[in-house]
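Okay, so chain A shows up in both of these, paired with chain B first and chain C after.
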Partner chain A sequence: MNKVVALAGVVIKELYRRKDVYVLFVLTALITLVIGSAKFFNDPKIVRYLVEICLLLIWVSAIVIAVGTAARQIPAECENRTIFPLLAKPVTRGQVIVGKFLGCWLACGITLVAFYLFLAIVRGSREQYWPLLHYFQALWLQWMCLGVIVAMVLFGSLIFSAPSANATICVIVIVGILLLGRHLNVVAFRQPKPLDLIVYSIYFFIPHLEWYDVRDMLVHDQPLINWLAILGATIYAAVYTATFLLLAWLRFRRKPLNA
Partner chain B sequence: MDPILRIENLRVEFRSGNLRHNPKVALKGLNLAVQAGEIFGFIGPNGAGKTTTINVLLGFVNPTAGNAYLFGVNVREPIARQRIGYLPELTYYYKFLTVEELLRFYARIFGIPRREADKRIDQLLRLVELEAVRNRPIKTYSKGMQQRVGLAQALINNPELLILDEPTSGLDPIGRMKVREIIQRLKNEGKTVFFSSHELGEVETVCDRVGILHEGELCMIGRVSDLKAQFQTDLERIFLKIIGYQVHG
Partner chain C sequence: MRSKTLPYLVLLLLLAIDFSLATLLEPTASDWGRRAGADLLAVLLGDARRIFASHFFIKADVYFHAGYYPSIFDLEARPKDSSHMAGDDDGHDEERCEKNMQFMGRPTDWIERFGRNFFATQHEHLSGGREREILPWLRVSASLDPHRVDTYTVAAYWLRRTLGKPNEAEAFLREGLRANPDSYEILYELGCVYYESYKDVARARNIWQLAFEKLELQKGKKDEDELAKFYHDILLRLARLEEDQGNYALAADYLEQIINRDVAPNPDVLRQQIIELRQKAASKK
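Right, the complex of A and B next:
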């Protein structure tokens, strides 16, 4: 476990020493702050729209950070050849994959905490309203969703040769699932046989990332989600994350690396 | 005494994407044993299979047939690499880290306790003369300094066996001398060194035994002094003769 944590530590260090991620982080935080503290039309209800925009921005930024970070981890190790001195140490390829995953996922978690903290402070100062448990549930579910995304992108990085191709394909798949995932069963119902079976199979096969998008709960002050449902969603994400990591390991464990 | 490094009937083939093409055979049943405390020079022309052998020993490439063992443990097991140090030909390190952070990271990979790691890092930075720049990112180092980072990381676990892949390649004469001094010092400490090199003069000076690899086969192995006595010439000429190169003029 110590080796995995050490590997994760290097990923996090790299992330906060890279300017592009830093810029994205600061930009999102700034926009959240500015939008959140501006007064539009003196309408008290406008805050909800602002919160919705801020949450959308947080989702987009978090996905960009997760995909951008995870997509280059293993390809960059191979391209910069840092993988050779690393694998010459008593570390398994499985530990490398888990370490990379943990680093990216923790980095996403830290970023999310900062984003939600900004949002909570801005909204709280405007509305004097502090739904802390709502924020916690939204943050937790988004973090679980990012776990699946990071694992999926890591797996993709071992399939596609170029990190840019992997990142583009992964973003298309993620956005596709987020926007269309919930409608696939309805689409399948309207299809003739055997196309309906194919669409149904896709519906049951893909990780339903859209379940983790609970922005409406925060925007419209809906009641808290049942904690059992949160637990179920956590297990569902853990299963998909583990599956993608297992696939990545199967792909990476026998891959010849020529120093 | 069991050898520290043992290679048995090692065969490595690389298949191209096209199934019609025959696989490229990099190693053809290599057998080799290196005893504890030896400095073994592994020499051969480009494409002879030296780096492929090192890649197998380090687990980067899986052999098509045969086995390799480090300290009696099959190289497929990561634990086989617990007591070795590896210095690649070129410097491949996380350039956003400082040398101290890099060494601490590798120390954690080896499971070295923090206090011991601190002591070891101080010693190594003194040895490779990087103490003054320990808090500067590696990307700001010169090539020679980066090569010294490589040496420090290879020694972080106080290895019993050091595998060096062309350690002096691209270094200036002072850098070469330093590497040679460090190898000699390791020999005096009773460490085993396995290194591949094109610098035959260096091999002749430093090594106890040499193995000459050509087209994936070990053509000659023996003590440097014995080979020189047998052929009545220097190592460079012995090498050229064995690989069948005709010297003109």
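Right, the complex of A and C next:
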């Protein structure tokens, strides 16, 4: 366990040494503040559009950070040949996978806290409203979603030849699920046989990342999500994360490192 | 000595040329900049502006329903017009809207059932001043497509009725009127601002009469049902205005016009009102 934590610590340190996170945070803050400075019909109380734009930027930034960080972890170790001394510690390949995942996931969590803190301050300063439990639910679900994404990208980094190809394909899959995941069953019903069965199978097979996107609940000030549903979604995310990590380990343990 | 001063002299000459050119070109450049600013969206987006404008108008509708809104996969459930957002004096037709918005059937599987915990599943409308949240999207929609009349009327409706901002409503409607000079819808709403918010009866009467004239010009060009609705609304407004001013005979004439044009949803009620107005007019004499 110590080895896994040590590996994760290295990943977190690497993240805050890089400039990606700061650039994305500053961009998000800048865009939000510029858009927030716009006045519509001399009404300073209008705030939901700002929350929506800020949340969109948070989601985009978080996905970019998660995919970008996870996609280069193992390929970079192999390319720089630092994987050999790492595995000679001795650290098993499974521990490398779990350590890398944990590092990326925790780093995403730290970033999310900063982003949501900014959102809460912006909204609170505008309408003196602090729905802290709503923020917590949204942050938690997004973090769970990022866990699945990080695990998926780590698995992808062991399949695809280059981090760029992996990142591109993963982003397409993630955006596709977020946009269409909820409606895939409706699409399936409208297809002729046997295409309907294939689409419906995909619907059950894919991780439903769209569940974790509760931006609308936050923007439109909907009531809190049932905590049991949050627990269910957490277990669902944990199962998919474990599945991707297991697949990654199965692939990694037989992968020649000097290729 | 000469070689040392020459570069400085050349530099001075270039600075003088820069300054002269700046004074010469500045007026042209600023004028071009102003025009470019106004047309920038048109240049960048072309006719796609209308698609984006429509998207932002729908966004306003989504906000109005607090996020509970049919997706592109439930197109038949989407509202066909903006009348549910604003327009009727007695508020919008809640019952009809409630019926239309029952697009979410029974979940077909556990994924769909569980997924419903994470998005809005209850039909509701913004109220208590929260309607202001739809305004940014309407503002953006109007900037992208100034010829979309609904944008101005819906925004003005909420600005004057709930948010207590008749000045902003008037300014926005006048902006819409400049882009759509023949719009009877905008004139109708402008008349409401003058009558209800400013209590300026004379101007409201003039504007509604102008709206009526513009409406007459649209005969045969637009959908009959839509025209009928506005015939009814404008004539009824004029009738109520004249009744309030004590011009009972004129008010009865306007109500008769509604019946003659066959645009009254409930003509018997209007007939009764005409009789009462005629009696009042006779007793006044």
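By definition in this document, the second predicted complex is superposed on the first by the 242 of 259 C-alpha atoms of A that agree within 3 Å, B and C clash if a C-alpha of one lies under 4 Å from a C-alpha of the other, contacts with A are read in each partner's own complex, and residues count from 1 in each chain.
By our rule, contacts are C-beta pairs under 8 Å (C-beta built on N, C-alpha and C of every residue); 3 or more make two chains touch, one makes a residue touch a chain.
These numbers come from a predicted model, not from an experiment.
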| item | value |
| --- | --- |
| Touching partner for A:187 - first (chain B), second (chain C), both, neither | second |
| Contacts of A:91 with chain B and chain C, given as first, second, both or neither | first |
| Touched partner set for A:10, first chain B, second chain C, both or neither | first |
| Touching partner for A:256 - first (chain B), second (chain C), both, neither | first |
| Touched partner set for A:33, first chain B, second chain C, both or neither | neither |
| Which of chain B and chain C A:78 touches, first, second, both or neither | neither |
| On chain A, the residue positions that both chain B and chain C contact, one per complex | none |
| Chain B residues within the chain A interface of the complex | 14, 51-52, 54-55, 58-62, 78-82, 84, 86, 88-90, 92-97, 101, 105-106, 108-111, 150, 153, 163, 165 |
| Contacting residues of chain A [partner chain B, same complex] | 2-3, 5-7, 9-10, 13-14, 17-18, 80-92, 254, 256-259 |
| Chain C residues touching chain A - in the complex, by the definition given at the top | 63, 66-67, 71, 73, 108-109, 111-112, 114-115, 117-120, 129, 132-133, 135-137, 139, 155, 159, 163, 165, 168, 172 |
| Residues of chain A that touch chain C when the two form their complex | 38, 40-43, 45-49, 141, 182-183, 185-187, 189, 203-204, 208, 210-214, 216-217, 219-222, 225-226, 229, 232-233 |
